[in-house]
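What follows is a set of structures for review.
In what comes next, chain A is part of two complexes: it sits with chain B in the first one and with chain C in the second one.
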Partner chain A sequence: MVRLITHNLLACHAKGCNANNFPLQFKDVEIEIREAEFNPDFLRGFLPKIEWKALVDSARQIGDTSLPAEQPEMVDDDFLKSLHHVLLELHIEEGSMTCPNCSHVYPISNGIPNMLLAEHEIA
Partner chain B sequence: MRGYLFVFAQSHSEFRIPEIQSIAELYGFSLQLPELESVGPFVVIGLEKEDHARLLAKRCILLKSVYEFWGQGSTYEELHNSTRAHKSLWDPYQQDTSFRFFVTAYNHTIPQSRQRQIMEDFSYMAYLGKIELKQPELVMGCFEEYDDTRGLAKNRVKDGNFRQVYFGRLIEEGSARALIGHFDVKKRAYYGNTSMDAEMSLLMANQTKAAPGSLIYDPFMGTGSMAYPTAHFGALVIGSDIDGRQMRGKEKPAGVFRAATQYGLASRILGLFTFDMTRNPWRCGDLFDAIVTDPPYGVRAGAKRLGRKTEPSEKHKEVYRERLASGRTDQPYIPPTKPYELSDLARDLVLLSRYLLKPGGRLVFFLPTVTDEYEDVDIQSMLCEGMEVIANSLQDFGSWGRRLVTIKKTATTSFPPPVFNTNDDTSWLGPSGHVPAHKDFREKYFQGFRKENS
Partner chain C sequence: MSRPELQAPPEIYYGDIEATKYTKNTRNQQIQADMTYRALELLNIPPEEPAFLLDIGCGSGLSGEILTEEGYIWAGADIAPSMLEVALEREVEGDLFLQDIGQGFGFRPGSFDGAISISVLQWLLNAETSHPTSSPPHRLNRFFTTLHSALKNPSRAIFQFYPSSDDQIQLITSCAQKAGFGGGLVVDYPNSKKAKKVFLCLFVGGGGGQQQIPKGLEGEDTEDSKVRFERRRERERTRDRSGKRKSVKDRDWILRKKELYRKRGKDDVPNDSKYTGRRRKPNF
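Up next, the complex of A and B:
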């Protein structure tokens, strides 16, 4: 499954697609919610890696509006709990991800996105 | 520091010191190692605290037990002198501590009568406590170590003709070895012919220093053998493979998720992705605490990368363009691949790891090597600035072997995403032009490692 934590780390990598190639847009998704262990230290350490706007937009795209549009300056437990839920507990099982720039479609099946490039897409 | 007697399992002897070093580093304590590396099971190692010995015994796969070191000698006279010198360690148990005392040998069986004699010879310790076999407060062990004489029928070992004898107080029995059975590949819900055996996967996991909250990546995920032990130690794992079928298998849900579920680790498998390591979609670097992987070396699972061996013909290109234009998507698209030579792959893996690892992070991977040809510079030749080898342990299969290499990202700066060499040129070899012996490993393997012109 794709979770938003990994989705936030992946950009379109087709040949020549270097700008506006992130975040990939979800389409026709099937979502499951599954519990994950809460590890506040991990989340604090991971926070600097997150592209905040991309995370919030993608969460909204799949129907979760719990995150604030602006990343809060105060990192308290409540905030970490909602961050935990959005990053780790929403699982996209089926559907696809589309590049906002070149429109390449990365299909997701059985929870595994196919991000192989076609011959004309490799540099 | 105080001495502790480590009793190691008799397998993978080159792996045991790197393993305890990794776990000591994980918990942030230091070790004092002997100058000479031994191959036998007994090694005396210095530790600052008894608790450190317990931590190691709970986590190290190759550690069978740890004793507080009370004495050692090549004769019993030497052993007793050494034990007397450590009186302050065993003195506190003299009065009323219940105890058990056993005498045993490695590579030999000591006759009962002599075992009794050996115990009696320790009577100067004057222990007054009760002898208690089931739940003693104190366990003492005396170990004779004999040379390995397997296959030497004539030179049967003579009783008492040991190389060294050791004596000490049991601190902790190793409990991590039981994980080898827990992760037994044959009992796993999903595995394949590329799966790594449980013991080796666990050793690899320990080289990564996996712990709760670490983020670990396998770019050649296959059936995910190393993901389970690393996740077991608390890490969150991401895997990718050029061939999705390796991670998926035939049933639903995907094989790696099924196996992870069996172990209760599904929530720690963060995600699986199908892509070519050299054409990867990572948005940024400095992400992972470790990368652990068994790269394809072409014997069982071919090493491939996207592209073609030779430029496609004009006719082929035309057919291809038509197909694209028609927008037919009923068939899953399978892009062409070309072979990926091992020494190229190894260099690319190090480069990619330097980009993706956090500073201080580790790359842990297997490199197959040809026994007669291997030189240490082979490994040096695949490094790049900011990446240093910190462990290199051989598993020997005779004419070939594989080395578990641990490389640390010593650089504290970030690196741009690597540009891989996509042509099959060798300009990267640099001015020295050293050709590592693992180059064209697959061809050498199928030729039975015969040397050219010989």
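Up next, the complex of A and C:
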């Protein structure tokens, strides 16, 4: 049940991995689409928190190209709808996420990413 | 009070059996729900704002369901795989992470509008190995610093937990302060043995003026939060060991009644004497 909304906030937290550790790269993903309630107010409030480039790149990685490469200035309903779909309706069920910096692999199984670190990786 | 955190680490204690037991217990559900509502109240998010919250130690999603009901979007982290499995079965709405909160979070700065955590912090107070990163202060520090940066400014984080001593409270609050949090402890129903609940209210940023620590609830808790059938159990306990009821109209009872009648001003209440409440001798 990793959705892109949380993926867009998630960086690697292993020891000494402080720079260039975002976004985690998807690999071998299986996706499920589950409809969610459309909430335009929430999306408007959430917009400033989004790293746009990371979101578009990861969406492309998992095969969704509905978002424009540049964040549009005007926020209209169509845009919010596609944003809603990408952020809240795409669930990554299986696969893994890899840190671009330290290449730590966080496996995802049953939709739950395993974020546990080994003892030597704890900061 | 039972202290499961002293028995085993959480990911082991909450195995398959304990996880289902915990989730199915209606009393647990009720308590969790009450505490979640109270935590949301303390979190004090303006009602019209749809917020993105973090549920720390979300377990099987008992509190998460309430967050969904209240219209929040949330993500949860827990260390017990069995609990998360139960959460999957119950089809909770939030994103779940298998994560040891003592290892810290990896969320980008300002990710969340608030955080709640129900009955979790006490699990961080036991060292599982002798490795330096396993010591409670180290884990608490790491937890609070990464959480502080993951929350937006201004916002709040509310932790309900069960401290077993003042030292533990001291340790937790000092670690939180070191991480940059403001705030402090809120104790609900401090005089009640059962209803007493300890909440740690932490603030990120003040937004100009200092944020006020909310007041704890006072007075006695309401009746219906008691365990059901408790009164019956009490009544049964007063019965004699032999199974026979105690004779109701013994000497003490008669004296008490007579005293009561006198107090009420009733006429012709018989005097007390050594014959009061005595059995007549059998006449054939």
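Assume the second predicted complex is superposed on the first by the 123 of 123 C-alpha atoms of A that agree within 3 Å, B and C clash if a C-alpha of one lies under 4 Å from a C-alpha of the other, contacts with A are read in each partner's own complex, and residues count from 1 in each chain.
Methods note: contacts are C-beta pairs under 8 Å (C-beta built on N, C-alpha and C of every residue); 3 or more make two chains touch, one makes a residue touch a chain.
None of the values given here were measured: they were computed from a predicted structure.
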item	value
First, second, both or neither for A:C12, with chain B first and chain C second	both
First (chain B), second (chain C), both or neither touched by A:G111	both
Touching partner for A:Q61 - first (chain B), second (chain C), both, neither	neither
First, second, both or neither for A:E35, with chain B first and chain C second	first
Common interface positions of chain A, toward chain B and toward chain C	1-3, 5-6, 9-13, 22, 36, 39, 41-42, 45-46, 49, 51, 88, 110-117, 119, 122
Complex contacts: residues of chain B adjacent to chain A	212-213, 215, 236, 238, 242, 244, 247-248, 252-254, 257, 266-268, 270-276, 279-284, 286-287, 306-308, 320, 324, 332-333, 335-336
Interfacial residue positions of chain A with respect to chain B in the complex	1-3, 5-6, 8-13, 22, 34-37, 39, 41-42, 45-46, 49, 51, 88, 110-120, 122
Touch list for chain A against partner chain C, complex	1-3, 5-6, 9-13, 21-22, 36, 39, 41-42, 45-46, 49, 51, 88, 110-117, 119, 122-123
Partner chain A, residues of chain C touching it in the complex	48-52, 73, 75, 77, 79, 84-85, 88, 93-100, 103-108, 110-112, 129, 131, 133-134, 142, 146, 150, 152
